[in-house]
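I've put the structures underneath this note.
Shared between the two complexes below is chain A, which pairs with chain B and chain C, respectively.
On to the complex of A and B.
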């Protein structure tokens, strides 16, 4: 399995490949991933120019460990295959499929990625895939889409197009996104892939943004799409386990290991009833804390 | 590669450059204007000539207005202008002469 399948992806920042000034040094803001966009942000007449910029940026800029995902053009265009050739030749880490509606969409992209890896001599399996769900049909097919390819590391909600398809608008409350978010996170967890939330476009409402991130964090999402570097610290703060949670998770893991050896199934930690069901959650907290750089322990 | 018709790529935004290629008169004629010409003029000319060499372009008038672009952006804009002058947009030689 590609070791990057489960990497930390709290923040995925969109960057327009048409603008060299945007893609030259986004690592200074330390997002977990960047989303190099060949699709909606790029003007129709500049689609070709964006590819040359993307290719050379991927080849020559040291992004210092930030994951480089490329959003290709839709499968309903004549652009996406060349987008994949360019991205794979450049050495991107993953391809994001826009407007994914079926498992077949993922398989079509997978086939093109495999062909490009062969053509350009890239290690087989090095290029991962994620699928953006942007319609009611795509959301309804989330479970099948999640299982469509061993390269697929996650699914992402694209709220703008999705709400248009629902014949509503983004309200800022999240009510209109509730069903899709819940459905997608359940599908992702049922199939073992990651799940990412849509962008929050009102940059003048940072409090609203914070509430939005808190909501999706509570729902279980792995991260959020970002459109401005100012949003990154808020996401990382919310996603980084707090010291008290880390201490508690450490106690839970140690106590469960000890008590299991003694044949005890249920016990208390800091006054809370604990059993084996808490083990995986505590381990996940510690893994996230470690990946976020706030836990150096050995568990 | 032949420059079949005038073509432009890039913008005059900061960190970008605008490259225009036109059919030449038997050689490469390069006209460079850059905000950093004193510090990097030589390096920018070298990148442009190397890129044209790789693309086997040896007869063109090339005009570059640079606004502080990185080397990788200069290469990207020159390649884009050359391929646009030939109306080629697909099946490009990534990793071959584009590198």
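On to the complex of A and C.
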């Protein structure tokens, strides 16, 4: 399995490939992933120029470990295959499929990615895939989409198009997104892939953004698509385990390991009842803390 | 001769200016000198009338002549109308070979370029020059030398008699008919008149120019009638909306916010951050953001500032209003909030001399704990360049940069690693304007470098683990890895300007830029 399948993706920042100033050094903001956009942000007549910038950026710029995802144009255009060739030739880490509606959409992209990897001599399997669900149909097919390719690391909700399809609008309360969010996170967890939330577009309302991130964090999402570097510290703050959680998780893991060896199944840690069911959660907290750079212990 | 910052200062310049090469920050410390004063023409008759009908009459009465030196202040910033107004009259009168000794010159003074070309203005002394005059000097159009000196250095230059001002023109938002001048009232509020104070003390003739004549006495006067020879009333001395604008909105640029946060972390994790600390900052987005984020930590830790000094902005005035700083010492009001805040009894006006003159028996800058500065370029020796662009053209001003940098116990320079495609952290700055010995910490978007001479600060920051620490060479290498190492800018041999150190020695020279065919 590609080791990047499960990497940390709390913040996935969209960047317009048409704007060199944006793509030259976004890593200074320390997002987990950048999503280099060839689709909606790029004017129709600038698609070639954007691909050119993208290819050279991927080739020339050291993104210092930040994952480089490319959002290609939709499968209903005649642009997407060339987008994939250009992205794979440049050496991107992953392709984001917009407006994914079926498992077949993922498989079509997978085939084009495999062909491009062969054509450009890239290591087979190095290019991962993620699918953006932007319609009611896509959301309904989330479970199949999640299982469509071994390269697919996750699914992402794209709230703008999705709410249009629902014949409503983004209200700011999250009510209109609740069903899709719930459905998608369940599908993702059922199939072992990651799940990402939609963008929050009102940059003047950082408190609203914070509430939105807290909501999706509580729901279980792995991260959020973002549109401005100012949003990154808030996402990371909410997703980074707090010191007391890290200490507790460490105790839980250690106690379970010890008690298991002693043949004890249920016991208490800091007054809370703990059994083996807590083990994976505690391990996950420590892994997230480690990946976030706030835990340097050996567990 | 090579000076203390490694710059070659040609002998012919040393000879022509009678100056010494820069030999370190404290070279003149304690060296006695005699303060120079002007010739005074006493006014004893009680019928004496100081009012003149126009600039022309003022020039005639002040015996304007070829080769004279005239001075101006820059409190009206880009809204200044006075320099152009006076120069137009001088030009009309056919007076030539003027030394223009302004505290600073900006784009507002672009119309003076033809007067440089026709020999009306042949020398310029200023903190710096922006706009077309800077280009004209760099193109070699000024016949004599341009001398760029800091605010403190300018006061030194006047009080030592190195610069002899024949006529000082002091734009005053209000004046009475006897020359009591104030920086407030009228229609061109600028709050303070700090920069001209020394001109009042040292110039042979002092002409006040106002567009708001008020009844005698205009008191308390910021510049006293005891120093003013003539008062000239004109229609307008400045464009109010270009003098002070509303406070800049706090930046939303995450890169600047990151640098501001690093800067704040440096401040709060170094030993001078304690009750009663002193602080100065500038008007850049990152500087203002840093003041805002510092305020939060001051509140959390219950630490109050002793004094803030320098050019002031709304965030600093807010600190005063909230009782989080004991006093503000004001040399320049950068926004309308700062102008209106001057009425606060703990908001004091100080002269540019008290602020920064290195030849005082001490200046405010010497008592600074922290100063937050910006820079166009910083090199691996921590030398800063705030005057000459990376294209070799004069494009900025020293202001109080070298004064505060030397004075403060912890000098922090905020500078993005790259300015567009130009590496701002480099091997050698184009021109040295503030020596590396004055600079303690450089904050960039890629990390923070501490001057190796300040291992005490480095240890504090390492221990606190609060910012990504890098060496200055590492920052330079990152910059070069991204955009490449630029070819040095090409210059002609001719020296068009000198960068004067605070003490009057020569920090660097500026040569004419070479144009490519």
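The definition used in the following text is that the second predicted complex is superposed on the first by the 299 of 299 C-alpha atoms of A that agree within 3 Å, B and C clash if a C-alpha of one lies under 4 Å from a C-alpha of the other, contacts with A are read in each partner's own complex, and residues count from 1 in each chain.
By definition in this document, contacts are C-beta pairs under 8 Å (C-beta built on N, C-alpha and C of every residue); 3 or more make two chains touch, one makes a residue touch a chain.
Just so you know, these numbers come straight off a predicted model, no measurement behind them.
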Which of chain B and chain C A:65 touches, first, second, both or neither: neither
First (chain B), second (chain C), both or neither touched by A:271: neither
Chain B versus chain C as contact partner of A:82, first or second or both or neither: first
Which superposed partner A:57 touches (first chain B, second chain C, both, neither): first
First, second, both or neither for A:229, with chain B first and chain C second: second
Touched partner set for A:19, first chain B, second chain C, both or neither: first
More chain A residues in contact - chain B or chain C: B
Chain A residues contacted in one complex by chain B, in the other by chain C: 24, 61
Chain A residues touching chain C - in the complex, by the definition given at the top: 24-25, 28-29, 61-62, 203, 228-230, 232
Contact set on chain A toward chain B in their complex: 19-21, 24, 47-49, 51-53, 55-57, 59-61, 82, 85-86, 89-90, 120
Contacting residues of chain B [partner chain A, same complex]: 9-10, 13-16, 69-73, 75-77, 79-80, 83-84, 89-92, 94-95, 98-99
Of all residues in chain C, those that touch chain A in their complex: 252, 254-255, 257-258, 418, 445-446, 481-482
